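So, here come the structures, one by one.
Presented sequentially are two complexes of chain A, the first with chain B as partner and the second with chain C.
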Partner chain A sequence: MGITFRKETFRDDFTFKNSPEHIRRFPFPFNEDAYMYAVNIEPHVVGPKGSVLENLIDVDEHYFAEMQDRALVLAEDPLRCQSLPHMTLAGWDLLELLMEQQALGYPEHFTLERDGDRWRWINRPLGIDDTFTFGDTSTLPYGPMEYITRQSQGDFCILDQRDGNLWMDAGMVTTQADWSLDFDIGMNFFEWHAPVPLAHEKGIFTRALKFLTNIQQGKPARRLNWTMTINPRLDTSPENYHKWGPDRATVTPENVGDKVHLRVELQSFWRLPRSNGIVFPIRCYLIKMDELVTQPKWARRLHRVIRDLPEELATYKGLTRYRPTLVEWLSKLDDGSPTSPGFGPD
Partner chain B sequence: MAAKTIISRPIYGTLSPQPGKHHLFIADAEGAVAITDMAGKAPSGFFGSAEIVFIPGPEGKHIAALEALKPAQLHVAPSFASLLPRLRQTLTNAHMGLRLYLAGTEGLIGQAMQAALEAGIDHTSMQTEQRGSLARRMQCVHCKGITENVTTQPATCAHCGLLLLVRDHYSRRLAAFQGVCINAEDRSEIPPMEEAFP
Partner chain C sequence: MSTGTTKLDVVVSDVVPVNDLVTRFHFRRRDGELLPTFSGGAHVVVEMRDGDRTRLNPYSLMGSPLDTREYTISIRRDDVGRGGSLFMHRQVKPGLEMVISYPVNLFSLDLRAKKHLMLAGGIGITPFMAQTSQLAGAGGNFELHYTCRTASLGTYADVLRERYGSRVRLYHDDREERIDLDRLLSSQPLGTHLYVCGPAGMINWVRDRAASLGWPSETVHFEHFAAPQPGAPFDVTLAVSGKTIRVGEQQSLLEAIEAAGVDPPYLCRGGVCGQCETNVISSDGKFIHNDHWLSEEDHRSGCKIMPCVSRFEGKSLVLER
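Take a look at the complex of A and B:
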């Protein structure tokens, strides 16, 4: 039995929704009633069946629609996918990783056949059946990174490791929370994180870099990050901020449940075998408030987190304009009773 | 007022003579003074293996002071754009032992560094000193157009016309600060425009 892929949109009429099973598996990012930055990195190992960690590269019911949305973004703005000249080998590394993981986790949807350098890749949801020579870019319709990331959910940054630092030297970034690959490409770890408030002073990035530069092949790591988005819009890029920014002024007490979405990024970090680069998939999960509050524990906890969020973080995450409306709406679902430890619903 | 800054914002130093076989100086306007100030600390004969490329700007000052240093070559250019083909040629043909010194406005330092990066020179090996105008070179994140000599906050994009917040976030690859629409959420909010980078 395979996944039933939803036909839905992340723009215009915004028909995106989660099925009841997908609400239960949503990667809720708060394990207590408050939030502050931490180096919350842990080994990326397989988790419980039915969770987003059932496979290390998760494919879900939104796969087909997300790939359609990515194609639309790239047609409008090809600069969302860039790779500096020395990053082609890392692109092949990524192609191998994603083909292997998707074929392993979802054999009914993806098949990888290998005969030496001669590879055959079948992607049934997207109707692709390609045979190519691994390592020979002329045998694919795109560069290896672009080819495979047009067929994989989430954004992907490929980091080159040199001089004790990580350099953002390639990426496919169409579902980002307000940062620009075109601007940040070529920057090192500290430079591309420069605009993040509070975390530098806490030494977060120094410790995170130390951890990431020591990641070993076959031992990926992960962390969760979060923000909020008005309407289920994947492309909240700075490039298009003047188009989606006005959405933030449309939140009213009546439409909070439908318009306001929690946006969670499952970020994972993998050492690449040939290039010694690191690939950093940033997988975005969206859930509207009406869906989230079907789990009473999540409703209570989200109320407390958003209400008590430090002002600087609220500003950085762009919540300022609608936070009071959201907190008021959530407060009606918080009777003050304690929440159980851990991320999951009760 | 000490401005709060961020890590991607470039920090400039003070030019100092480096060991090397050849010395390439690229400067505009008041950047010439950074070179003449440095000359006092340079060993004798230092400028005999130096080329100075200078963009005097509208005021046209400092050329005589640079001539007095008796560099092996002094090239005066009317603009950075006019200088670029020659600079790329120089950098392409450069050998090990070339040292780069960039002095003047941030726009000049940034664009000269960009050309040097493209030639494979590591940015940390370049000497830089900011002098003169604090005007910024800005990329509009929306239309990707570059606006030169931005002195106000916010600033209007010279290409698409959006009103942009000039951030401290800086890209060496683009030699530009990032400009992001300041009133994207409500276009009727027009914050006052102040002279921020004189």
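Take a look at the complex of A and C:
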């Protein structure tokens, strides 16, 4: 049985919703009642059936609508997809990875046939059936990275590894939490993380870089990151700040449940075999408060996390303006009883 | 979490003597599937089970990265080494089942380069076999300068000349042919990257000259695998695991630690990647540091050791393992 893809929007009338099954599989990012940075990296191995980790590249009910939204963003702003000239080989690596993983996890929706370097790719949800020569860019309608990331949920940064550092030299970034590929392109790991508060002092980036440059082929890793977004808007980019920034002033006690969304990024890290680069998929999951609080444990825990979040982090994540309203709303769902360990709902 | 690599179960599919010193080994997967794709410059670690001892040595993959039906490595026989190459030359025959690591690349091409200038010495030719295949397939601009002792010991010189013609320059020691290094380094177009793999003396010479002639260090790449050297046996206490072990004459400290059932992370086993860096808790004696990872200050401090290649002489050594 395949996935039923929802017809929904991430802009204008914001019809995005999660089905009850998708609420339960939401990757809730807090395993305790408080949050602070940690190098929370673990091996990216297959997880339980029915979770977002059932496959290493997750496809869900929002696939079709997310791909439509990406096409709209790119039509308005082609610079959301960039690849420096030396990154084409890494683009082919990524195309192979995403085609293999999607075909493996969802054979009813995707098929990859390979005959030497003659490849046929069938993407049923998007009505694509293309035959091309692997390695020959002229046989695809776009460059290899753009071609496959127009058909894959999540943002993708491809990092070149050289001089003991990682360099943001290619990417497809349309579902980002307020950062810009066009601004960061060509920067190294420390440069693009410069705005993050507190973590530098803790030496987190030095350790994280050491870990990432040692990621081995066949052994991907992952971590979760989170923020909050007003309205289910995928494209919260600095370029479009004028469209979404003012939304933060629209939160009222009456509309918290519908407007405020927890935004979780499942970030994974993979060594690319031909280019020796690293690909960093950033998969964004959204859930509105009304949906999240259907799981009482999550409601209690989120209340405590947001209430006790250090001020610098609240500012960095852009929560300052509506935090009191949100905490007040969540407090009514927190009877003070303990929460069970672990991420999952009770 | 461990940063080691995944293992591959392989079978030796061919053993081909190349010349008096060098033999080539071919591996295929035992399950008949394709091997993982790799990038030019990558190595694998080969596990050599020789009676009751296991050696693990890194070797560059030398086949084309475009062909993953088999991996090939070439090994130069070292009659005074720890015996890994002798084991491979004497005991490894087609059909033998072996275990190798996934490929790891610590000598990667910089794909921004407008031109790749490669300098090889002796068996240091092997990573360039794969890199030239990769670049040739993609229309890349490269030039290879290869120094060998004699024409008959010029491993793969004939193959390379046939494939790439004048892009390959050969220099024979017995004919007193020498690279005019300063001239070569001074006449390269902007955007050239330099790669060197060979004996330590050659690597140091090339790096020194490149630095003197103003090459930015980011454009100079080198593969500096030090094979572990044999030496006098010594005793070590592993404080964390509460074990005392003896490192044999032909054994590396890392191998001795592994033989005791303790598994530090590793990637290169050649003193360059930094994975197996180990803190010294106390010592009374002299360290023989052979790595290229720790700083000189670290070496002098006596607080750290790279057990893959370095040794110790003295009364006592206690490690945080």
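Here is the rule we use: the second predicted complex is superposed on the first by the 346 of 346 C-alpha atoms of A that agree within 3 Å, B and C clash if a C-alpha of one lies under 4 Å from a C-alpha of the other, contacts with A are read in each partner's own complex, and residues count from 1 in each chain.
One rule holds in what follows: a contact is a pair of C-beta atoms (placed from the backbone, for glycine too) under 8 Å apart; a residue touches a chain by one contact, two chains touch by 3 or more.
On a predicted model such as this, the values are computed, not experimentally measured, just so you know.
Contact with chain C, but none with chain B, is seen for A:N276 once the two complexes are overlaid on the shared chain.
In the superposed pair of complexes, A:N214 makes contact with chain C only, with no contact to chain B. In the superposition on chain A, contact is made by A:Q161 with chain C only, not with chain B.
Within the complex, the chain C residues that touch chain A are 1, 3-6, 36-39, 41-42, 65, 102-105, 108-112, 134, 138, 218, 267, 273, 275. Per the touch definition, chain B reaches chain A in the complex via residues 6-9, 139, 141-142, 144, 162, 167-169, 171-174, 178, 180-181, 184-187.
Interface of chain A with chain B (complex): residues 79, 180, 182-187, 190-195, 200, 238-242, 245-246, 248-249, 321. Interface of chain A with chain C (complex): residues 41-43, 84-87, 89, 135, 160-163, 211, 214, 216-219, 221, 273-276.
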